[in-house]
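Below is one structure, written out as structure tokens; the observations come after it.
For reference, chains read A, B, C and D in written order, and residue numbers begin at 1 within each chain.
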Amino acid sequence: MSSTTTTIIAENKAEQIAETTCNTVSTTAGGSSSLALPLFGSPGQPTPKDRGQGPFESYPYTDLLPKVYPNLGEIGEPLEDFVHVDPGMRALSHPNPRKFLQRATRIENFCPTIGTEIEGVNLVKLTPEERDELALEVARRRVLVFRGQDDFFEAGGEFWKEFGSYFGRLHVHPTGGHPEGLPEIHMIYRDENTVYYDTENITRGMWHTDMSHERQPPGLTLVVLYHLTESGGDTFFTSGVEALKRLSPGFVEYLKTLRQIQSAVDPIQVTRNGTRSRNIRRPCVTTIHPLVRRHPVTGEESLFLNPEATKGILGYKKQESDLILDFLYDHIAGGLEGQMRVKWAPKTVVLWDNRVTMHSALFDFAGSPERRHGARITPQAERPIPALDGLRLH
Amino acid sequence: MSSTTTTIIAENKAEQIAETTCNTVSTTAGGSSSLALPLFGSPGQPTPKDRGQGPFESYPYTDLLPKVYPNLGEIGEPLEDFVHVDPGMRALSHPNPRKFLQRATRIENFCPTIGTEIEGVNLVKLTPEERDELALEVARRRVLVFRGQDDFFEAGGEFWKEFGSYFGRLHVHPTGGHPEGLPEIHMIYRDENTVYYDTENITRGMWHTDMSHERQPPGLTLVVLYHLTESGGDTFFTSGVEALKRLSPGFVEYLKTLRQIQSAVDPIQVTRNGTRSRNIRRPCVTTIHPLVRRHPVTGEESLFLNPEATKGILGYKKQESDLILDFLYDHIAGGLEGQMRVKWAPKTVVLWDNRVTMHSALFDFAGSPERRHGARITPQAERPIPALDGLRLH
Amino acid sequence: MSSTTTTIIAENKAEQIAETTCNTVSTTAGGSSSLALPLFGSPGQPTPKDRGQGPFESYPYTDLLPKVYPNLGEIGEPLEDFVHVDPGMRALSHPNPRKFLQRATRIENFCPTIGTEIEGVNLVKLTPEERDELALEVARRRVLVFRGQDDFFEAGGEFWKEFGSYFGRLHVHPTGGHPEGLPEIHMIYRDENTVYYDTENITRGMWHTDMSHERQPPGLTLVVLYHLTESGGDTFFTSGVEALKRLSPGFVEYLKTLRQIQSAVDPIQVTRNGTRSRNIRRPCVTTIHPLVRRHPVTGEESLFLNPEATKGILGYKKQESDLILDFLYDHIAGGLEGQMRVKWAPKTVVLWDNRVTMHSALFDFAGSPERRHGARITPQAERPIPALDGLRLH
Amino acid sequence: MSSTTTTIIAENKAEQIAETTCNTVSTTAGGSSSLALPLFGSPGQPTPKDRGQGPFESYPYTDLLPKVYPNLGEIGEPLEDFVHVDPGMRALSHPNPRKFLQRATRIENFCPTIGTEIEGVNLVKLTPEERDELALEVARRRVLVFRGQDDFFEAGGEFWKEFGSYFGRLHVHPTGGHPEGLPEIHMIYRDENTVYYDTENITRGMWHTDMSHERQPPGLTLVVLYHLTESGGDTFFTSGVEALKRLSPGFVEYLKTLRQIQSAVDPIQVTRNGTRSRNIRRPCVTTIHPLVRRHPVTGEESLFLNPEATKGILGYKKQESDLILDFLYDHIAGGLEGQMRVKWAPKTVVLWDNRVTMHSALFDFAGSPERRHGARITPQAERPIPALDGLRLH
């Protein structure tokens, strides 16, 4: 899950209004609010340990704190295209593609169309064939929640990288910090020192899909939480396949003809607004994606869009583009069908398919001083396949 | 929960378009969709048992099937005002107002601001003082989910009525069917014979609060399910208190000045549309309610509105009224903060406070032939207290 | 121009709220307001002369007052299809298709893209060839305003019918009153006795096109005013061709694939609301029209829609249909380009092409006791030709 | 009228998408489009004469071309507050406050509530008392159009300044060019060399009020056109007083409590987007204005807002602010009542009161190579008086 949230600086609001409105047209008047991250972990700022937030000596996941950030001024090479072969594809021909679940002591579906909770299956011990089946099951159920994965938590960074890379080339976050030696592990971190800017929005939730601006965005994605807040912090998922099915066939046919322009939030712009200052590892990328993509393994069609990165519909005027995109964002947010929420617990591993889902964090822990610490492993998948055959993407 | 959903007839659509558009302006062109109920249980239609839906002989809750409907043409007396004294008020002065939970073997909060799941407390055995505490706890936590209430399920109709009436005068549904001799038990029922009209809406969910058009709408409300579908059918709740808190103080101050016109869906109109035909027990009521109400026990302020019954803002032109109400409906639907979902299980009793929550059914079982059968007990509470002192409601 | 406006009853509002919300769901809560006409001229109500509104003896247009209304209960035959040959087509091959303007003493364009004001051309004396040219010029300029047409005003009913029928079969209004013996003359009338219901809308204007729900809606249309208010009452026109051109090519391509369901406002429904009671001459018609039509003579493509009659987009769910239609209504209302306004004067004849324009009345005379009296002659044209070749309309 | 229009660069669109979306979040994705002016007259760019656009030798208004622009890097002093005494106030006690119109040969109202066209009154010869009456009449009729003002056109810059300053301190535009020695004359200019960026909007019209971000925005304002295009270029006006009257009393009461944050478009931001590069004469100003202001002379209440400068409602979250402002913008654009359009002609002087009107240009001449050249004289008036007594504006 992206740790990005939509906020603006609250303190000293009165003075600020004058300043921001004069310096940037878009800050208070624009359609999309300014985007800002919690300040923690920005370059030039202390890493968690330095900030005196308690007995880190005894914290078992000290090595997994985000300590390494890109250096100011060093912008690396862009990601190169690669050939992605989805492991789930191989499981399609298995006699029983759900064989890896035979050891499960509990299998419970959250809803008919999304989400399954599983106990008794040790992810560390999966054979390659079972990993293939896992990939297929994640695609089919959208989200799998594995409880009691003590072995997985203890396996450590090298295993996690090996495990993740089985499903696709591991993505390195363009701006986030990472533990020493593990750039492929994207950190989720907040504690009492985290500054949450008071939001200008009426909700902090935002349905999105991770890193979708990349030419080859993630497919199967994995998150663990090392340290949880006592309550709160559930993660919401919803199925892009179900969201599409609730629309009428004629409207879906139209949506399939649309192409979106995606790009990452520009860190330089953010800096200029005075709300965030940090470096990036790679030049900014702009990509043309279909609005409706087809899953390479299941063949299912899914809405695919992301308010954090979707800039507009290719060839459309702004009002036309807003019309369609805002409708779809509201459709996704308003549709309870196809939605689930994950309640986190220690030793839980959540896997989902970013190609056919959107998700949202829930910042109901924002007022608490507790630590929340986790990691995302983000294998990249294929360039999105348009549901409409032959749709031109360049 | 209301079993009302927003649907229109799907079969023979082509012919129907011509007919409905000519006969009723509002059906396809109006802002709010036509409202229609599943046909089951309408007067003149067979009750569940008659419709041959399986071995009712062996169904343990045969006596609790909705069999009695108001007769066509008999319209009774309107509800009279009564003085409601909220039991929760007494618990405010208890030394430990959560004493009734001391026997609990498990108490788990769904989220910091809404919903608690409780095991080990037998609702049947609560003393009057503990019932007072229950009322207060429901108001404070918005929703309480009691598991393992075997005694409650076996206690039967007279106990349920006695239990419910402790919290307020029991409401009799204006149109719904009820078990013989138990008009105060509002039935929830669907099975393989239930006709779900294909929806014209892109979601079947609808956030609402029950029977809010009454001059004294429900406070604490109770639902049990006798028979569940195998999966699906979760119920969503959200807190009107939290929804209000996420708005800016100036906007909230304004909302407090607004009064809404509420009335029940008119059954005659529905009949005329050809989509529903059934009787009513009482004349239609139109009520002026505040848009922001204050809870009489906790003093908390909550958004209070209901797309099923809220007709407009008093004194406003239609576009102005739509502006404010649609914004608030979207705000409620879009805000994940303050939202929870109840997963039903056998022997579960759910209590919530209709004054400070909205809820929505999830019809993800619509395609299944399974039976879903339950009951709602709906004590009425005080006439809504405006959050703005002195707001004139007549 | 349609004399229909969007209003609701204002008097005795307090009582009425209760009644209307209970009796009709849609009146105050629906997306589109209830539609009501000024009461004047309803069956069972006195005709202008009877209502003592002044010295009708001296009013030169007494014979042209709307006196004949359809009888209650008599519903006639539906309109039959006919073959329309547009006279403008013949003018295409004229050496100078604007030859009929050679006698003009003044030709002034309102704007580059719409509207021309003409003096010195006597419409009564046009030869058939010149009438063909007139039809073509109306199609090209959208609206022609002929000043000083004393002869036309004196020519009388039989001439008007002959003149109008040159351009297409004359339409008889389904509900309106007409002068004795002249059912093809649609009357525009208001005076001090006209009851304008206080509007629930924030504007009384409504961009529409006349009688568009017919299978063969009007093309060239003519209006004269016999008696004007001293000021106010301008008529607004806008070009559907220009409105389309301001959209992006990709979005236009999509709109061309859409089909709308149109039907007339149902007079029975209106009666039931208590706001209007009158008869109809023909059964209600529902028609499928393209959303973008092609003019048969100029080949130009135009948006074609009508909030009074357009019920939805064929095959779409309500929210999808509203999305597209509301966007287009706002686009038409908000775009000043392609818009003009006609200032009426005695002896003025206005002709426009209902296929490529929308228009709106301006009720700024509503507070005045003055008489406003005019007539519309409404030749029907071809069944709308979809801009997208082969679009299926049945 | 402001010569500002909403456009973006069209050429080389494909490349640009990548660049703009990466460099600026708001350009394509933001709610309000980027704002850009025609490039003509920017510093470092040639003035009209230099650009070889025809026989300027024979152009009689060569001296009135915008030649002087602020120098890059020189930012002057902010405007100081001053005491404004409205001349219209004095006319209130005149026995006949419309005495200055006695010489008129024609007085015609455009509509009952806005706009009067006047012939026969020579503005140059008005006595001080008559100038007072003019100010009052402009306030009352919103817009006065004086035809045949040959003397006024010949009177020249010093007279224009003297005439304008009678009504208030003359405003100097923060960025525009001016004729040598006449900084108080704001130029309107376009010709064949003017680059109009292809708009991303579906209309180029924008209802606004001039320079409203200043602490003391303009009241009576005057525009003349020295050189007109052959057709097109009408100016639309609408009455903020009428727009307010069409809303319900309760909603108006609420609007009166609101305060808006206004600031000028930031030229630096615009530069950064690569769409405009020019200097400013004064630091950027942010002002708190009431949303409903009271005219100091007539006491009338008017909506007062400006999409070019209004950044939000003070104290509101973004979505709440957008809700109210977008509704009002649509209300103003959609309401034909209270709207008029001025058809320009040689020797015409238009005066309007920017405190009680909004206006929009019509760029239907954009495709023509013709010159359009005019001037605006912009006396500043009082700090806006809130319609709600005691509303705090700081």
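Going forward, a contact is a pair of C-beta atoms (placed from the backbone, for glycine too) under 8 Å apart; a residue touches a chain by one contact, two chains touch by 3 or more.
Since we're looking at a predicted model, the values are computed, not measured.
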Touching both chain C and chain D: give me those chains, sorted by label. A, B
Comparing A-B with B-C, the busier interface by C-beta pairs is B-C
Which whole number of Å gives the spacing of the CA centres of chain B and chain D? 54
Can you check how far apart chain B and chain C are, centre to centre, with Cα atoms defining each centre and the answer in Å? 46
Between the Cα centroids of chain A and chain B the separation in whole angstrom comes to 35
Multi-chain touching residues of chain D, meaning two or more other chains, are 202, 247, 314, 317, 319-320, 331
Residue ranges of chain A in contact with chain C within the complex: 247-251, 254, 257, 313-317, 319-320, 323, 327, 331
Give the list of chain B residues in touch with chain C in this complex. 17-18, 21-26, 28-33, 35, 199-202, 261, 263-266, 268-270, 272, 284-286, 310-312, 314, 317-320, 322
Which residues of chain C touch chain D in the complex? 109, 111-113, 202-205, 231-232, 234, 236, 246-247, 330-331, 333-337, 341, 360, 362-365
